[in-house]
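The structure appears right after this line, and notes come after that.
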Amino acid sequence: MDKNYTSGWKKNDGGKVFFIHHRVRYADTDKMDMVYHGSYIPMLEAARVDTLREVGWVYDEMEKAGILLPVVDLQVKYFIPARYDQILRIETRVIERPTSRLKFSFDICHENDVLVKAQVCLAFVDASTSRPTRAPEALIEALDSHGLIH
Amino acid sequence: MDKNYTSGWKKNDGGKVFFIHHRVRYADTDKMDMVYHGSYIPMLEAARVDTLREVGWVYDEMEKAGILLPVVDLQVKYFIPARYDQILRIETRVIERPTSRLKFSFDICHENDVLVKAQVCLAFVDASTSRPTRAPEALIEALDSHGLIH
Amino acid sequence: MDKNYTSGWKKNDGGKVFFIHHRVRYADTDKMDMVYHGSYIPMLEAARVDTLREVGWVYDEMEKAGILLPVVDLQVKYFIPARYDQILRIETRVIERPTSRLKFSFDICHENDVLVKAQVCLAFVDASTSRPTRAPEALIEALDSHGLIH
Amino acid sequence: MDKNYTSGWKKNDGGKVFFIHHRVRYADTDKMDMVYHGSYIPMLEAARVDTLREVGWVYDEMEKAGILLPVVDLQVKYFIPARYDQILRIETRVIERPTSRLKFSFDICHENDVLVKAQVCLAFVDASTSRPTRAPEALIEALDSHGLIH
């Protein structure tokens, strides 16, 4: 692991996942000497935003174009505690072809261990009407062509 | 709502819930002008720890007595955004009689609206062996006698 | 200390301070088994917003009326670590008569100990022009008449 | 700026600074559509820990060897708001030759702008006695030989 926290692609379960790295900080830990269970949430956010960026969709530009993506559902399962100073690898894929929802699935890993599994469901919302809208077809194609939809 | 963020009991669905209040701070919000989805996690923690305290079980003392309660599963559904300066009411109950797991269910409310629903499952762990252990019988009775197990 | 985290007034150094309480959560701690140094920042925010509210100035309404109060300077001195489950008392006063700046001074205490001392300087900004503006005279009077300006 | 958030060295003011990058996440922002003033604190932590690592001192190993480095003083000046999705460059140097204290100075920059300036003072503490201790001579030399002491 080099010091620059490289991101990249990995084959996985017949599809591909995009991964980023996060070095565990004191700020992430709690007095049980492990990562606080809520501290993984911003890691998942960074992982999915970087995944979208990688396939050509910058969330900040989507917002400016009037598409919001609030989180509507979050599920996290904690198997093994992450520890201070570990470099975590957050692997991201999409489950199900997006409709008006976009469902991400994440593995948070340290070396060969899966520490945490998570699913986050986002809703496409039209900023001008505040109402649900459908995923842009080009976004679905971009995710699909990169092998991200499992 | 008085300024002192009173906690208390409420009848609900044939059982009782214990509630605490949390005033939304700038720190909890994000640029979508709502509470960041991860900011609810510490509110849930405060709600369940205060609920246990209310029925006579101080988590800090449980830890010192050798019982740890790490979070093993978290599920959150987001219905309506919470906004800055709102006073949120976090209602806590227990679902299922505890075994080696303790399952809390939460409603995060503003006035008459349920904004967020969450479930958090904790595991009883023996600190000396780091292995799962059973819920203390007296804790189950305390929860039960207060009408908290739904 | 009752369970409801009462806030209130206290005489102090020839003036008065307004205090709120915060119960330390797991979320606030780090692996050194103390409160993470960054976790005090939202406590200071809650303390000053509740202090302003107490003297009749609701920050949320000030914003809606076009006055923003971004933080421009923060100083924190850490003397004694705060620990999990302690109820901290955050005492707030104003130092210097406000001009285009509002300077708060805080003591974060546990029982009779001052654990942390902090100063936070906010700037009055006119939301319509994004330029500095003067403190409303009525706000200065409200702070002064409550003995908050030390 | 490549996607991998490269860290590195830069000449600055007759000495050198070590920089890391941080991409601003939703989690870092607040409803004023800027980075919350407390969200910079973990960035400073990551910056100084990576700087120490770069010169051969892994903080996690220092702790295991019995040297703790709690934060005793923090000063932050906010000049320009950081915005969502910006890649911030956190530049770290040491001010004054360490004694029993280690004083870092930081510039948080976006492109050519310095957004935030901060100083963080840490105390060397002997974990076995909980008393102040002197900085290891080899650490001072490592910082000095890299041009980090300004």
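Here the chain labels run A, B, C and D in written order, and each chain numbers its own residues starting at 1.
By definition in this document, contacts are C-beta pairs under 8 Å (C-beta built on N, C-alpha and C of every residue); 3 or more make two chains touch, one makes a residue touch a chain.
Model, not experiment: these values are computed from the prediction.
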Name whichever of A-C and A-B has more C-beta pairs touching across its two chains. A-B
Where centres are the averaged C-alpha coordinates, which chain has the largest centre distance to chain A? C
Where the centres are mean C-alpha positions, what is the separation of chain A from chain C, in Å? 36
Whole-Å gap between the CA centroids of chain B and chain C: 27
Separation of the C-alpha centres, chain A versus chain B, in whole Å, is 26
In chain A, the residues touching two or more other chains are 26-27, 32, 34, 38, 41-42, 45, 84
Enumerate the contact residues on chain A facing chain C in the complex. 26-27, 29-34, 36, 38, 84
The chain B residues in contact with chain A across the complex are 32, 34, 37-38, 41-42, 45, 68, 70-78, 81
Residue set of chain C touching chain B in the complex reads 3-7, 23, 25-28, 41-42, 45-46, 49-50, 53-54, 58-60, 84-85
